[in-house]
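Structure, as structure tokens:
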Amino acid sequence: MKFNKENIRISPNAQIGKNVKIGDHTIIYDNVIIGDNVIIANHCVIGEPLHSYYWDEKYENPVTYIGNNSLIRSHTIIYAGSKLAAHLNTGHRVTVREYTIAGEHCSFGSYTDIQGYVKLGNYNRFHSFVNIGQNSETGDFVFVYPFVVFTNDSTPPSEDLKGPYVGNYTQILTGAILLPGVRIGNHSMVAANSVAGGTFEDDSLIQGNPAKVLGKLSKMPLFNSKGKRHYPWPYHFDRGMPWQGIGYDEWLKNQEE
Amino acid sequence: MKFNKENIRISPNAQIGKNVKIGDHTIIYDNVIIGDNVIIANHCVIGEPLHSYYWDEKYENPVTYIGNNSLIRSHTIIYAGSKLAAHLNTGHRVTVREYTIAGEHCSFGSYTDIQGYVKLGNYNRFHSFVNIGQNSETGDFVFVYPFVVFTNDSTPPSEDLKGPYVGNYTQILTGAILLPGVRIGNHSMVAANSVAGGTFEDDSLIQGNPAKVLGKLSKMPLFNSKGKRHYPWPYHFDRGMPWQGIGYDEWLKNQEE
Amino acid sequence: MKFNKENIRISPNAQIGKNVKIGDHTIIYDNVIIGDNVIIANHCVIGEPLHSYYWDEKYENPVTYIGNNSLIRSHTIIYAGSKLAAHLNTGHRVTVREYTIAGEHCSFGSYTDIQGYVKLGNYNRFHSFVNIGQNSETGDFVFVYPFVVFTNDSTPPSEDLKGPYVGNYTQILTGAILLPGVRIGNHSMVAANSVAGGTFEDDSLIQGNPAKVLGKLSKMPLFNSKGKRHYPWPYHFDRGMPWQGIGYDEWLKNQEE
């Protein structure tokens, strides 16, 4: 009982790559481009039209792009105008609103809600229930845990929206709230349930409400770590990372060449 | 590729207004009344039967009402017995349980979960992932941000449920928890990640766990506001509000006449 | 307009019990066993295949088991390899990942996300938006409220995952975060928005970030309780519990016999 092509609706204006599998009850709208070897599971909507679709007779759907080798799990909705690079991996019931740009190898957990007009680097890994407000931006290898919010309005409600920026390799732990315009450096961590605003340097362990720097993340003898240092984490974790098998230093060296 | 009437199921006992569009795979149960110019996107369920439907052969679905000019986005579920007035706007995968009453121009963000037996005023604007417990009540122009919970059981588990009350124009920011029976006045704000119980006067800035009044909201030089006052916010924000184009004072004057 | 058998897909290798009702657009995969008198509403996926299904031509779906008298509400996804005992009750859009074991009479609220490799006791009652990480374990009669997270990685990202353990009758209130490896005893409570790590004895009221024991839960004059003691709660709450109608002491006595 693999893919049954049951009740699928694909616009004649969509471009579907080679060796693409599409699950039952999935809808693909106009001007969607799907790369090769992509799997889209059942009950998904790809290229969901923007609001004016419902009212404007002359509406034309902006181009939506899903890169090669992506896996989109069931009940996921990706809006028109989004460009998600190769090796995308989504959980179930993910929502990606319009004009979201994501680099290669991004992973969005179930129920994650990306509000659009967002720019994400490569190898971002979002767990379930992540909420990313408009105008947010991230570097590469950013990990975000459940119930984290990237907010963007410091005097709500207003029209003055400033998204957070999160640097390379940084971890935003469960339930943390990033305040509008916050800038968090590379190789940092925002602890669980923190509320972080302002500007934070690289290698910061950030905690509290309002969040403050507890010290350099790389120096912290962290909870449950038995005195061992774990950060920078790329030296100790490589599953799905481009340095898997070769080590972080070797990979870095290759990158520089 | 607009609306295809693919695989839609509408009860013969439903009443559908003029110029209504219904998306693929949507199900409309008995005794649903849909106003004019309503759009219901794909994979929705309107008039979802109550629990006894599954067991009681004589079950009759209570009346569900969706007002004129509403837009209900895909995968949304609205239970029977709910009455949602004109100009409703939902995100994706919203759940509205039974006997929810909502005024005109309400907006419920994606994944919002309204547990039923709730009474909401006009122009309530809920962002994604809002969780509203039973017996909650709100005034008009209430804005609620992601991961806010309106709780109702102060000694869980118990049968003594008291919902929160939130006054007109009040903002409940990201991740705040409203404790059972809390009463929050008009033109107030509960800050991000606060846990608020008790009674709060109008024009309060409420923050912390347990939440306390930091001062009058209208007097606060708020974060990132460059010394300018933003509250009462209706003087500085009008998108989608009834005073759009004419100004809040003018609108208030018209209301009084 | 009861069950219409519209567009349902059931694997020939699934076993369906007596008097089972299946809603429109629902998909049941290979090697699913459904007990008697089960109701599965519309747009569900039961026995969702594991990741290797998409790549491995020889993939065989592990056995999925749904016990008698269960009610699975619409848009729910249950992965292959999970065994959920009799009288399961789910809300809408629940996700249960692979190899989740749950005892009898468990209830999972809408949008709840159980990440798999989890072992739950009997009569667990999870509200909406609960996120249970891998390797978590619970006793019986555990109640979990919205936006609670059971985390499992104390130095993220790492491969050293340790789940929380929650004892019998314990309440984990709204927005609480359980840190990796936390052990919480029986008849305890973790207060709203707390961040709890370490080991906690039976009958503890646990609060704060980092969470500490405020005292014995059974001795607390709790908020809004008018001086009355509510805990141990089984003496004051019985809806849906096995001591309903006979009282907790009587039921305990019967259990011992």
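All chains are identified by letter, namely A, B and C, in their written order; residue positions are counted from 1 within each chain.
Just so we're on the same page, a contact is a pair of C-beta atoms (placed from the backbone, for glycine too) under 8 Å apart; a residue touches a chain by one contact, two chains touch by 3 or more.
The shown structure was predicted, so the numbers you read here are calculated from the model rather than taken from an experiment.
Taken as a contact graph, the chains are fully connected, with every chain touching every other chain. Bringing subunit A onto subunit B by least-squares fit of CA atoms involves turning it by 120°, to the nearest 5. Taking the mean of the C-alpha atoms as each chain's centre, subunit B and subunit C sit 27 Å apart. In subunit B, the residues that reach two or more other chains under the touch definition are 7, 25, 43, 75, 93, 111, 129, 147, 175, 193.
Considering their complex, residues 7, 9, 11, 13, 25, 27, 29-30, 43, 45, 48, 54, 75, 77, 93, 95, 111, 113, 115, 129, 131, 147, 149, 151, 154-159, 162, 175, 177, 179-181, 193, 195, 197, 209 of subunit B touch subunit C. Within the complex, the subunit A residues that touch subunit C are 1, 4, 6-7, 21, 24-25, 39, 42-43, 71, 74-75, 91-93, 110-111, 125, 128-129, 143, 145-147, 171, 173-175, 192-193, 222-225, 230-231, 233, 236-237, 239.
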